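Look for chain A in each of the two complexes below; its partner is chain B in the first and chain C in the second.
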Partner chain A sequence: MLAKLRQRDYQILIAFIIVAAILAFWRPHVLISGLQRGSLYVLIALPVGIIYGILGILNLAHGEFMMLGAFFAFSLVTLTGIDPLIAMLPAFPAMFVVGIVTYRLTIKHVVRAPLNQFLLTFGLAVMLAEMANLIWTTRPRIVWVPYAASSATIGPITFGTFEFVYVAAAAIVLVGMFLFLTRTRAGLAAMAVGQNPRGAKLVGIDVERTYMMIFSACLAVLGPIGALFLIRHAIFPEVGGPFSLRAVSIVAMAGFGNLPGILVWGIGLGLAEAFVRSFRGWGGWADIIFFGMIILVVFYRSYQRRVR
Partner chain B sequence: MRNWRYIVYIVVISLAISFPFYAGVHPIHVATTILSLLALALSWDILLRGGQLSLGVSAFFGIGSYTTVLTHLNWEVSPLLSIVLGGLAAGVVALVIGLAVLRLRGLYFAIVTLALTFIFIVIVRNLTDLTGGAIGKLIPSVIFGGDPAMIYWLTLAIAVATIITSEIFQKTRIHFALTSIRNNEIAAKSSGIDIFKYLLFAFVVTAVIQGVVGGVHAQRFAFVSPEESFSLTFTILPLAMCLLGGSFSTLGSVIGAGGLGVLAEYLRLMMPRGHLAIYGLVMVMAILLMPKGIVGTIREQLVRRKTASS
Partner chain C sequence: MKKGILLIAVALLLASSLVAVGCPRPVLEEPPVEPIRLGAVNPLGDITGRQSAQGMKLAVAEINAAGGILGRPLELIVMDDEFSPAVGAAAIEKLATVHEVDIFIGGMASGVHLAQIPILAKHGRVTVWIGAASHLVEAAIAALPDHDWYFHLHPWDYQQVEGTVEGWAAIVEKFPQIRLDRMFVAYEEGAFGAAGFAISRALFADVTIEGESFTSAVFGGGDFRAVLRHAKEFNPDAFVWVGFDPDALGMMVQAKEIGFAPPVFLGTPPGWPVGFGEIPLSEAVWLYGMWSPELKGVSPEAAHFWWAFIEKFGEEPATYFAPLGYVNVKFVAAGIERAGTLERGPLIEALREVRFEDTAVGWPLTIAPSRLIRHQGFTRQMILQWQGGRQEVIWPFEVATAEPIFPFPRWEDR
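Then we have the complex of A and B:
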């Protein structure tokens, strides 16, 4: 699953660096805000990629689970008055429990049944968003903390510094997941399950338990991410939808099961969106970029397939 | 014992056609909504029979709506013709998208069709001059002067046409092609089935149906707006109906649409916000507890009883 870097990946990486370098000179704030936005996408898409790689389930409800984590943090903050950053700590186990319950009740029964599971997660997404709508209504909620609005000025450009927390978090999650999957026994077992569930079972790995732990862990990560998201963004029940779609699209664009690809495409999507936003009057079109990208990828892949 | 079947058909169809004569305005309105959702559910199911999961019903619905309203407003096309144009526009979009994405396997199809809805919302919202932006467009007069019975018959005709299309898909060789593609694509390919051709055909046909339903919806309420015409409700409701009733069969979607459609009307009154949660729940429960739906489960029971008795 953590594919070895092939030559093509190096080419993509080099093209990526060239684009970033051009942006750095031409429109530096695009580079900064794109990196920050892209990191958020990577943060949400990475767990989706891992769940797909190991359970074979493409989770369309991931953004909605992040919304749930954000609302959990919001409730904590408003009820107890603690700082949202501290709310990250209880959000982690809370989302872990949500993960276990979700897995036990639903996902468990559809593992390795491709059509049904995608439909199931779609149903879950609808349910979560609408239940949040019932509980918290559609009113946007914000939490105001002084440090969220901090900014820095380098030469002619001024940018928000708090958003770099997303870059840091993406790095932490990426490295953490990489170390977990390659250095720990549980992680290696999970990789084995992802490659061949029957083989893994034969050598004595508890496949069922691995599925549950991986799914719950990937949801648990969303608790702190939701709290971080809350600090800088207004939250409402539909806030997760676009993120679900982007996360799933990024996983699809990277090629299912290619984790380094998620990093490249996630940041690339963030940069492209920031680039379009930087033109006055074109900001509304930024949401279309990811679709343009996925259509291009689909056309390219289907062309490739026909040539072969 | 085949004849009683036709008697049932005739009774149901004559009841459906004569419905406006003995029902009030509100029931006619509800029945019209249910019939259009039935057509959406059934058209979604036709594509599912080929193993392709489309989450873009509301995209084609919205494309149909917008094309209908815009051609009617700008070129003064007659309402009925504009509805046809709405269906054609949806078909063309499906053809272009399908040419690329149907060559790929995995979940590309589901993702791209889902993304299609959001994309058209963005396009419609930003092409302010043409589409009226976020506010949408109004047309000055409702189709047939707002006569509920005529609108009902039009919708009924579309629903019946969809049922006939579905039956054609079930009874001809297309059925075997789609079923074999769903069950084992490699086997289908090696038996000489042109997978791509059949899937593309099914995709375009279902998109046309969804576009036409969207066109009728737009003409019936005489307005379009990004949030209303591309609302995910038009994806979620048909999916829930089809899954509850039973996928891979015409009867399943019909029963699911009838049952859930009546329920939906009451839910809308009882729970003004958040009533979509119920459909999400219905979808999840149907997949987990009754993967074959109501019709499939009953059919299974009948077969079991028959084999037990013989």
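Then we have the complex of A and C:
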């Protein structure tokens, strides 16, 4: 998988490793919280990257679908008393069905219409948030599991351990997606469709079905992600919006379709945020740094294109 | 022939006179009684606005069941402002021109209300507002050439802080083990948090205060570990976070995981997540509020409201805007009854004189001038504490429902 990293990503990865080594000695809590938070960003951004890479759709309702997955898990937890980690299992097929229905009713009709895609997915985002508002109201909902606040102490540093689950989950999703796309017939077909849908159709691949399966699978992943998110966060109808923005931004920074780049940039942004916040009184700059880095990367790419 | 016609005519006359005597005379229907129209504007998509409207409906139902006011029923027309200044202003215009309401009530967000003030001033009808706590709203009202028609029941933001300063002074005096020499304020970086921090610094002049902003979970934040570490390094007597409802869980969980348990742990969100009181991390967290469900144990009006609300709507009041909406209508009704008319001058005079010894929010209500306007209702908020899943009132002592838990229990003891 590392062989797929672009040269630029390699350089960034090496830079991150150096930064991480420095942080580990200088500000270890920055390294821990940056890695944990960055992994959450990666986890949420990966399906956006896949959907864009294969369908060519930038899903602005991505965070809202995660919110839906979280509310589904919340409802299961409160109705049946099961643990949110167990609620991840039914959340996967439930969101897969949501994906199929959404694709057939809406996405299918705008696959080759970029402007309409934006309008449609934006409309879906608003509709999903309002629907959640009608069902669950605007009051935030929480679940409590003691392990959500578990911690460990190493020397003078006490830190939370649960969010390492995000690190593991991001790695599992990334490797899983990679293996699916490179080692399975369906995945290879999806890659072919993503690169050249007309050519794929000519060799007998059902392009329409491939689109639907990829879109639905990416939404299905958001079910368990929503359940994981629920363990540490209050959920409410508008909770997904900011994560849509972050996910799309990370995908844009990594370069559309570049999954390892999403890992590198997601964790990099998490570390940058945590680093800025670690200086007292500078926390307000975290978002400026986050989006400032995106602007710099976009400018740099634009400059490179002109030079070439 | 002529004789026959005459006999028939006499017989018809006799018959008609008998009918007239023996049957009740047809009653002319009286014109329908014109209702007194109250026009409310609330954000109905939010629980605060929805339950506020429910509180109003409950009060209207009770008043109409008792015969109305001045022999006329109350009619409540509620419009949604969608938390949008433009929509909120248009709602006032429609209530004034299409529905021809007699009095404006309701309200929530200050930003929305700032856009409504010019429309309200244009129509100049009596307005009794229960939202919009910002001092900017007060300044906007005071800047009008005439604002006698305007009554504001919710405390202004500076009054809320003044109230808490007064409350903490009383608590520290009564419970000397509680100290407030060093305070750390973590505030969300928007206007709500920044204003809260600025006002705290100004009013807690004798306290050493440090503060730092954070990004609220409402705006995609929720990572409070850095600010909590800084607070822990400061070693405060009291840690205060000024944020929104979705920040509550993250704040407690992350404080626990870094082992930060200051003697006083206080949160000031406008509301709390559903079920927050049931999690063990909430125990002994202090909070501010206009109302608590536990007041039903000490206030007959609060108890009446609590049970009537549940009976009518099948759900518990979850926000103080529910009883405040109820008080809104009861206050207006008392004013109209006292004035005996809907004429503006006498009605304003009468509203100014309305006094409630007890209300659904558990406080007495009287009208007095605030810093800038003539008609201000409530001026304080309570200091409460989560205890056993309930919001117990610690101060004011006259409506206290429990003694404070101090210091904040260690995380390992929960």
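As a working rule, the second predicted complex is superposed on the first by the 295 of 308 C-alpha atoms of A that agree within 3 Å, B and C clash if a C-alpha of one lies under 4 Å from a C-alpha of the other, contacts with A are read in each partner's own complex, and residues count from 1 in each chain.
Going forward, contacts are C-beta pairs under 8 Å (C-beta built on N, C-alpha and C of every residue); 3 or more make two chains touch, one makes a residue touch a chain.
Source: prediction; values computed, not measured.
With chain A as the common reference, chain B cannot sit beside chain C without a clash. In the superposed pair of complexes, A:R232 makes contact with chain C only, with no contact to chain B. By the document's definition of touching, of the two partners only chain C reaches A:R139; chain B does not.
In the overlay built on the shared chain, the residue A:V126 is in contact with chain B alone; chain C does not reach it. Shared-chain residue A:F299: touches chain B; no touch with chain C.
In the superposed pair of complexes, A:L245 makes contact with chain B and with chain C alike. In the superposition on chain A, contact of A:A148 is made with chain C only, not with chain B. Judged by the touch definition given at the top, the superposed model places A:V97 against neither chain B nor chain C.
In the overlay built on the shared chain, the residue A:D287 is in contact with chain B and with chain C. Residues 130, 133, 137-138, 242, 245, 284, 287 of chain A touch chain B in one complex and chain C in the other. Residues 45-47, 50, 189, 212-215, 217-220, 222-223, 225-227, 229-230, 245-250, 252-254, 256-259, 271, 273-276, 278-281, 318, 411 of chain C touch chain A in their complex. Taken together, the chain A residues at the contact with chain C in this complex read 29, 33, 37, 130, 133, 137-142, 144, 148-151, 158-162, 232-234, 236, 238-239, 241-243, 245-246, 273-274, 277-278, 280-281, 283-284, 286-287.
Of all the residues in chain A, the ones that touch chain B in their complex are 58, 60, 105-106, 109-110, 114-116, 118-120, 122-131, 133-134, 137-138, 242, 245, 248-249, 252, 256, 284-285, 287-288, 290-291, 294-295, 298-299, 301-302, 305-306. Here chain B touches chain A in the complex through residues 48, 51, 53, 55, 97, 99-101, 103-104, 106-108, 110-112, 114-116, 118-119, 122-123, 125-126, 232, 236, 239-240, 243, 271, 273-277, 279-281, 283-284, 287-288, 291, going by the rule given at the top.
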